[in-house]
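Below are structures written as structure tokens.
Two complexes, one shared chain (chain A), two partners (chain B, chain C).
After this line comes the complex of A and B, so read on.
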């Protein structure tokens, strides 16, 4: 972690914030003042800021996919922004296949009590790939893994991008994509058959098996298969 | 390999206090002149035992992992060198199911993710959906929802307290905590008929108004609960075993805590006063008088103190909410989402159309998106909803606080003893239903 300034605790209710927070009421559907970060980002990054929307009082900034990590990093380190809390990373795919898949970052500035939504649009034909912000916010670790798991979006630069909620050998695809049926790709009986015929050892990933002395304790055939380059205990290429 | 930080033994007394009056770990092993010796160099014992690392698998079926969490630990002796958590055993695809349900139909699903905080989740989801529809809720509904949220916070913290005490060898506080939890369940049962899966809100209002005499029962609970809290406080807070097993474990500095995205009591124990209720208020929380407790050391003990104090603050909020509960309607009169009275549906054309539209098509929010976060007992719980103008959301995203909090567990347990992993894991207050969704 290489944060530029040490974090100074914010006392809730203090004058540190730029405005006294209150429950938002009668928020307009569209329009209203955009977050000051929008102008600052336009000045700093120019054309990389593609669009600024204000929906239900929340500012959404659509940025260039190649520069997202740079922007998140700048937002964290700039003393006038200090968006130091990465709340969430997720993606949205619309029912209309023409619409691009959106990758969404929700960041908060704890010091200034601001909220910002950053978006990257991945249009048709574009690879589902965005730079990882793992090096900037450690909270991105599992959030990016989940996003990869559910949508198949690759976060380049993430050191350990593997499935998290589904098991590592899951081959039916990416569950939250719109082309994925609600009940899964296979019938219940087929899913049951696969589960019963699976090798229980296959639930252990290479990552675990390679550490410590565990490798030595494995059955011989499994050791041989792993040393032949099988990623996990389950046979690949089915 | 990281150097091993062996924890020193503690005297089983709380005679030692530091400058702030906090109990202190008192080292047992001292040399002749009274200097502290760590167990790295105990007299007459080989300081580093040679040997291979051992791989230990905890869970997914293990009572101390609070659900189906699996931890793979690489141990050097008894010290954790590496920890790989595995989650997903309880994955049910809530977010996917949400895309096939109308907004009011999603509320029962929110019960089932963080099942210790069901009423709080219901409120959070309703707030999100109301933002998406552009509805303002009534005064009475706002206050009732504040009561719901705070009752649910106490309920969740009591489970945390009881189970953590059991993990660390104390049985009595568990019984006291669960006795009071039953009292809250009784309140909820009287209100909506359900205990665990309450589905207490609707978009634009509540499932029902509170029954007659309910507020008096709540007043009785608010009056009696602090006694239990102080009893638990007296038994646990200065208890030598408790102190010895919690202080100095799983320390997160403020900087790290923010960087790892911790929220809720986990973050505040590290000294960062971020509470969604204060910083991004909802339900008029800015008009209530309450304090946000923060810790100083960011260890398991501070997380315990923060949660205990939060329960007292919740009682304060409940007292104020009882005092200000106004009369009036509970549900909004916006008939895009709230059904008009059934009696009018057969006599008034307008009401009949509303009934027909809502039942046959479902309420349709305008195209848009919103992220609404509330302070759940575990941390910042956010619901991100995207609407394309149809009656079902395009995307319903749950921002699970314990998922992000749990992702910091390798950082917290490395260098500690195996038995401390249980304490640290308990201090995160995970609910696997929410992590796996």
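After this line comes the complex of A and C, so read on.
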């Protein structure tokens, strides 16, 4: 695609008659051309790019864990890459305990319609810790919380890293880890006792509930209307 | 179930219209035919519940067309779908906010037993949280199944006696553990069954 015209709409049926659809049938399982981001990252970050795999036509780049935030930031801001949408953050643990745990970032370039998968390998004995990309993509907030909740991976620099799917006092561990038994560690009565003793309203931090605290962040016109005491839907001056 | 068909009800023709009946019968008859459901839909059973409430199956025939989304105005809690542990205190709170007389229908396999979700996250039967009156089997039950369950509940209500004080007793959970039945009973109710007995608690 021509990078000077970053966006061309796709019209159904407009593909050339002899073009091959990019379905798994016509794409090699392994190998094939890597995304241009791979070479660009190698040039820019050198040894921080550890490995590039192409699986089913999708590029996976294994990078150094310490530089992941820097790489995601560069991918977003570089005019030739523009990976501006963080689609997912997750982790993979393998049944083979020798294999490292992988933390995976899925980024998408809306302008170039490209997809890129970034991975960090956390080997045995390494702390389950990677830098947060919250400062670059705000969508990382809940994604990192989920990853922390399910896998116990700590994202350093995340402003509010706590459980999101399980309740905050959950004490049985990280459910998607391989050493976690399917039914949990505690007996059913103990699980129910702990769940019922939680206060359903206490799960939200006051930050999420307080409108007064959000006042400063509101747009100017809304702040003015609220400070004048205007009520929603009320007509004035008639 | 017309009032005039009841053997104790007599309507004297001619002159001043009056009738006699049993107080229990009159109260139960009015309760059973104006149950206001509190829909607690969490999963696919709720879709079938909505179908039961819509025009084809028409819950209005049973005096149930008024869905009460406030537990304080509801008579019957219909739990349609699986309940995760995180939702257990919410469901308990809703049940406690409902006024007497109140009943619970556990709709579907998941609400009744945990169903196929024999996992760390799902309550193995809502009867470990609140007392259940009618269990409707199915995955999910068809609207006919739910309606049959509702008719069973109506039968149950018709058999209630005002002199039976145990009926309207509010459930009192243990203040320390918040459980209302002994922990051993919960463990027994939650025992795996069917195919899942081949799995072990030890993991891996």
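Observations on the model:
Please note the rule applied: the second predicted complex is superposed on the first by the 167 of 238 C-alpha atoms of A that agree within 3 Å, B and C clash if a C-alpha of one lies under 4 Å from a C-alpha of the other, contacts with A are read in each partner's own complex, and residues count from 1 in each chain.
By definition in this document, a contact is a pair of C-beta atoms (placed from the backbone, for glycine too) under 8 Å apart; a residue touches a chain by one contact, two chains touch by 3 or more.
All of these numbers come straight from a predicted model, not from anything done at the bench.
In the superposition on chain A, A:166 makes contact with both chain B and chain C. In the superposed model, A:143 makes contact with chain B only, not with chain C.
In the superposition on chain A, contact is made by A:188 with chain C only, not with chain B. Looking at the shared chain after the overlay, A:175 reaches both chain B and chain C. In the superposition on chain A, A:115 contacts chain B only, with no contact to chain C. By the touch criterion defined above, A:197 reaches chain C but does not reach chain B. Looking at the superposed arrangement, the partner reaching more residues of chain A, out of chain B and chain C, is B.
Touching of chain A by both chain B and chain C, each in its own complex, is seen for residues 165-167, 175, 180, 182.
On chain C, the positions that touch chain A within their shared complex are 85-86, 88-90, 92-93, 118-121, 123-124, 128-129, 173, 177-179, 183-184, 186-187, 189-190, 192, 199-204.
Residues 165-167, 172, 175, 178-184, 187-200 of chain A are the ones touching chain C in the complex. Listed in rising order, the residues of chain A touching chain B in the complex are 1, 3, 6-7, 9-13, 17, 20-23, 25-27, 29-30, 55-56, 58, 60, 84-88, 90, 92-96, 104, 106, 108, 110, 113, 115, 117, 137-143, 146, 150, 163-167, 175-176, 180, 182, 207-208, 211-214.
Of all residues in chain B, those touching chain A in their complex are 52-55, 72, 74, 82, 84, 87-88, 91, 93, 95-97, 100, 131-132, 134, 136, 254-256, 258-262, 271-275, 278-286, 292, 294, 366, 368-371, 373, 380, 382, 384, 386, 388, 390, 394-395, 397, 399, 403-404, 406-408, 411, 436-437.
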